[in-house]
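Note that chain A is present in both complexes that follow, paired respectively with chain B and with chain C.
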Partner chain A sequence: MELSSINKNNIRETVLQAIKKAKALQPALNAVVTFVDVEEQLQKLEMMDPQLPLYGVPVVLKDNVNTKGILTTASSRMLSNYIPVYDAHIVEKLKDAGAIIIAKASMDELGMGGTNLSAYTGPVNNPYDTTRISGGSSGGSAVLTAAGVTPIAIGTDTGDSIRKPAAYNGVIGMKPTYGRISRYGIIPYASSLDHVGYFSTSIEDACVALSVLAGRDDRDMTSSYEAVPNYLQSLNSDMQGKRIAIIDNVQNAITDSKIKENFNTLIEQMKQRGAIVESVHLNEDLLSVILPTYYILANAEATANHSNLDGIRFGMREDGDSVEEVMIHSRTKGFSTNIRKRFVVGSYSLFVENQDKLFRKAQKVRRLLVDEVKHVLDTYDATIVSATGSIAPHPQDSIDEQLSSEYLIAENHMILGNFSGYPSMTIPSGFVDDMPVGINLMAKPFDEQTLFNLGKAIQEETGLKGKTVEVKL
Partner chain B sequence: MKYETVIGIEIHCELKTKTKMFSGAPVTFGAPANSCVNEIDLGHPGILPCVNKEAVRLAVMAATALHCEIDPLVKFDRKNYYYSDLPKGFQITQQFHPIGTGGYVEIESEEGVKQIRLNRIHMEEDTAKQFHNEAGTLIDFNRAGTPLIEIVSEADMRSGKEAAAYVEKLRSILHYLGVSDVKMEEGSMRCDVNISLREVGTTAFGVKTEIKNLNSIANVQKAVEYEIQRQSELLDQGESIIQETRRFDEAKKATVSMRKKEGNVDYKYFPEPNILPIRLADDWIKEIQEHLPELPDARIQRYQSDYGLNDYDAGVLVNNRDLANFFDCVCEHTGEYKLAANWTIVELTAALNKANYKMDQNPCDPKHLADMINMMKAGEISSKQAKTVFEEIMLGKDPKTVVEEKGMKQMSDTTELLRMINEVLDQNPKSIEDFKNGKDRAIGFLVGQVMKASKGQANPAMTNQLIKEELSKR
Partner chain C sequence: METKDQAYFKRLANQLMFDVSDQEIKELQTEFEILEEQIKMLERINTDGVEEMIYPFEQETQFLRDDVVDHTIAREDALENVKAVMAGHVHVPKVVK
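Moving on, here comes the complex of A and B:
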């Protein structure tokens, strides 16, 4: 579904249709945690200007976006009863732009995962093949966009949590520059890596969404003062002279020949459009430690970020004989084993005796990796790689952690966008075995326009603008 | 055995800001429980901290006044631990890069002026306040997130007196700066004392105890002195000191054990990712430093050199900032500084005590007191009359009105005085004779007679002068 297909003369009907569709798909996809009552929003809309960029547009929020008075669980048992007392910054932005929030979407528990198998409400299924995973952690938002429920769905991205499910579900997944969109009111995973982003089915819609969501928020000190451009107005698919770098470590690590072929075809098309596409080689040793580096940094921050979830002031509470016992019991029962394991890893890397060899070392490696990327982007407009090394796997074949070199690089390279904070976007590039695949682009800080322009050219080549899938029920 | 006492002090001081360290919620002492909180103070999911610029400004003021080196790159860190008064499960503090390092405080010790070195001064946020009762524990989050500075001294103090002098001096400096209320009894200034003993002549530190909950400067001294006694008795008996946290029990006048310290807790400090380093502009820092309020030592100096006050008077005034400020106001309207100091220190303080007023309830207009002092000096009223006038000033009255209403004006009318003097001289020929024979004290007698005749209203100085003149004519 695209923004342009919204009938502004019959918003109520459009919104109710979207909800109806999501409800019909719920048994097959299991993408929604909470349906939002839209009556009040529809009433408020009557007072608003129909020219607003998202006037009457149904949108979905990942369930880690705080919505005042509406259940927000981050797909964790710990927050299964949590009703926020305030709206996230982007909720205000969306509502001010006329959007109607229709649902809160499933995710990996607290954003910590890449499969969406860990959600408290159960796995989310891929709309192209419901026996396959959606990917995560923004799985619910990705599949609802892919299934044509809403034109835009909000996600968050700490490792590749928007860009990987985007590839698996054949939609655009945009993670803008760190600081471009305020994180105020987003239940965090790892603050220095967390980004707010979104899914759409066309580059044009992606342009509109970023213009709405971006901008300085005084409640987020990391949010940028950089002016927000009108991306749609500047959209230009002319590739003449554009310098694009293929990170060959990533392409070399991929073994699936069909995915390679899909990528190579697209590269040829880009060259024919006049783009200068060249291979660059990054330090392989550094690239192969992206995952452990990420694992240490993300979990260290996460263990502190989630220390507020103690059962004392909100969320699930499990009784005990002392305050300490209440905390221990609540946290033991409230988090899944995998989350607790991650907290242990994060904590361990922060112990005073381990900080030098784990946490601080990981920070240094992060800096070195960012230097590698920066070096490439000093001379190129963007990098281009296959987003994933495979199509969406079946649950039993999906892994979150594996130490094969293929997995380490081919499945984790998009974390570079989180380490650096540089804008990164996944866009559908076609199909392999009837499942969608995507390519990933990364550009200089605050140069989202280049991503959109490249994306526009790719969209023209693939003909996948507005592509959604009819789920076989 | 002879022991040397080694004392280091950590002071937490609430900064006087309108809002909290990292949230926009108001900071109001004594507000109803949990009425000054927002989602940030409660540590709700998704909140982010935003540094309070005013708190940084106050911290820069404090660091400057305490002679610290200021780090213009402000960074914060997380201190991680679970406790019900810590909503986020971590405290945002400055572990790795304190706003101020080094510095010192000068105190008066038995050996003269002594410098107590500071280790650091850093910014952080306060925890919530807990109330334990039979029903359980109640938590008031109003205090959660209140801006604090922590001032850590080196272990430079050697006695209870020095410890008390250090806290007193620090309190006075912070009070004059206006960065904090520094009320120990209300907890806006809190003091943890680390104390250990070692054999005289040795340099290694002994096992220390930490004393908490000291709600007055007097108790700092008492607690330290008790602890010195307790520790030295233990050591004399060949026992060892247990590293623990103790609190001062006012009723028992003793320190009692609160909890043992089981090794050092690992707080897993790491840089706060939600606050990127903030570069303070050099101009901004300079602007703050150049406009520091006058500090206590400087004011004592000024009172001595500009107003000619002695050590004692200057000290008494400066010890009480509000009294000193009042005194400064009086001095704007009179040049009689010594008299102004006396009246402020003695009469005003006594009158306030009598009326059970605090300094901020003082009804006395400093200009009125100055006017009264000027009238005394000009001989318009006697010092005895002044006391009556002052009583009325304390009721808010203008001294000029009082003098007129009570008909107190001293007789300075020469014609009238001369008439009285000549009358007295006529009645006392013996005194005139005595004077002519060189007995000067006769004058005193005659002045007394005139005063009596005028019912105390004659201006004594003028009377004295006129009598001399009249006598020489006879």
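Moving on, here comes the complex of A and C:
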């Protein structure tokens, strides 16, 4: 579904149809945690200007986005009773632009995962093959976009939580520059890496969405003052003279020949359009430590961020005979095994005796990794790589965002976009074994326009603009 | 890295205000072995003279200003999500003996 397909003369029908479709797909996809009562929003819309950019557009939010009066669980048992008393900044922005929020979408628990298998309401299934994973952590939002329920769905991205499910589900996944979209009202994971972004099925819609969502917000101390351009107006797919770098460490690490072929075909097309596409080689030792660096930093930050989920200040409370017991019982029952294990690792790296060896070391390596990327983008407009090394796996074959000695580069390179804060976008590039695959692009800070322009050229080559899938029920 | 027995992980978990089961401890022990390998990989990276990177962009976006009452939440709103309310306040179970 694209924004241009919204019938502005019959918004009520459009919105109710979207909800009906999501409900019909729920047994197959399990993508929704909570359906939102839209009546009040539809009534308010009657007083609004039909020229607003998202007038009457049904939108889905990942369930870590605070919505006043609407259950917001972050797919965790701990927050399964949490009803926020305020809206996130982006909720205000979406509503001001005329959007109608129809559902809160499933995610990996607290955003800490890459498969969407850890959601409290159960796994989310891939709409192309429901025996395969959606990917995560923004899995619910990705599949609802891919299945044509809404043209835009909000996600968040700490490692690659928008861009990987985008590849697995054949949709565009945009993670803009750090500070581009306010995170006020988003349940955090790791504050130095967390980004808000979204899914769409066309580059044009991605342009409109960012113009709506971006901009300074005093309530988020990392929010940028950078002016927000009209991305759609400046959209231009002319590739003549554009300098694009292939990070060959990533392509060399991919073993699936069909994915390599898909990538190489697209590169030839970009060259035929006049782009200067060259391979660059980054420090392999550095790229091999992306995952442990991320694992240490993200879990350390998460441990601190989620210390308020104790059953007293927030979350499901379990009984106990002392404050300590209430907290211990609440947190033991409230968090799944994986989350508690991650907190142990995070806390371990913050011990005074480990801080230099682990936490500060990881922060230093982060700088070196970002310097590598910066160096490439000093002379190129963007980087280009295959987003993932495989199609969406089956649950038993999936590797989560956890410590692993395999796939260190092919499955983790998109974390570079979180370390650096640089804008990064996944765009569908075709199909392998009837499953979608994607290309990932990264550009200089606040140069989302280059990503959109490149994305437009790729979209023209693939013919996948507006592509959605009919789910077999 | 020193050997980490069951008691070590129990203690660590309790410091974080939760419990871990025997099975979870086994899994943690395996994960810490992988972590140890990966720390070795990190140690091989020369970071002499490199400054820690804490946030992506190190530019000021917050400035001191006079205090202004802003973004307040009404009492009714604040208490709407509370399990138990008494006399207009959050009511929590008595845990101090």
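By our rule, the second predicted complex is superposed on the first by the 466 of 473 C-alpha atoms of A that agree within 3 Å, B and C clash if a C-alpha of one lies under 4 Å from a C-alpha of the other, contacts with A are read in each partner's own complex, and residues count from 1 in each chain.
Keep this in mind: a residue touches a chain if its C-beta (ideal position, glycine included) is under 8 Å from a C-beta of that chain, and two chains touch if they have at least 3 such contacts.
What you see is a predicted model, and the numbers here were worked out from it, not measured in a lab.
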Fill in: Touch count on chain A, higher of chain B and chain C
C
Fill in: Which of chain B and chain C A:K361 touches, first, second, both or neither
second
Practice prompt. Please indicate which partner A:N308 is in contact with in the superposed arrangement: first for chain B, second for chain C, both, or neither.
Written response: first
Discussion item. For A:L235 in the superposed arrangement: first (chain B), second (chain C), both or neither?
Written reply: neither
Worksheet item: First (chain B), second (chain C), both or neither: which does A:F419 touch?
Response: second
Item to complete: With the two complexes superposed on chain A, say which partner A:R183 touches: chain B (first), chain C (second), both, or neither.
Response: first
Item to complete: Figure out whether A:I276 sits in contact with chain B (first) or chain C (second), or with both, or with neither.
Response: neither
Item to complete: Would you sort A:A300 into first (chain B), second (chain C), both or neither based on which partner it touches?
Response: first
Item to complete: Using the touch definition from the top, say if A:V85 reaches chain B (first), chain C (second), both or neither.
Response: both
Discussion item. One more residue to check, A:T222. First (chain B), second (chain C), both or neither?
Written reply: both
Item to complete: List the residues of chain A that touch chain B in one complex and chain C in the other.
Response: 82, 84-86, 192, 219, 221-222, 303, 310, 312, 323-324, 327, 347
Worksheet item: Which residues, counting only chain A, touch chain B once they are in their complex?
Response: 64, 66, 72, 74, 79, 82, 84-86, 88, 183-188, 190-192, 218-222, 300-301, 303-304, 306-310, 312-314, 323-324, 327, 347, 350-352, 355, 359
Worksheet entry | Interfacial residue positions of chain C with respect to chain A in the complex | 9, 12-21, 24, 27-28, 31-32, 34-35, 37-39, 41-45, 47, 50-57, 61-62, 71, 73, 77-78, 80-81, 83, 92-93, 95-97
Worksheet item: Given the complex with chain C, which residues does chain A contribute to the contact?
Response: 68-69, 81-86, 178-179, 192, 219, 221-225, 285-286, 288-289, 291-293, 295, 303, 310, 312, 317, 319-328, 331-332, 335, 337, 340-341, 343-345, 347-348, 357-358, 360-368, 370, 402-405, 419-422, 445
Practice prompt. Would you pull the chain B residues touching chain A in the complex into a rising list?
Written response: 39, 42-51, 78, 80, 82, 84, 87-90, 137, 266, 268-270, 273-276
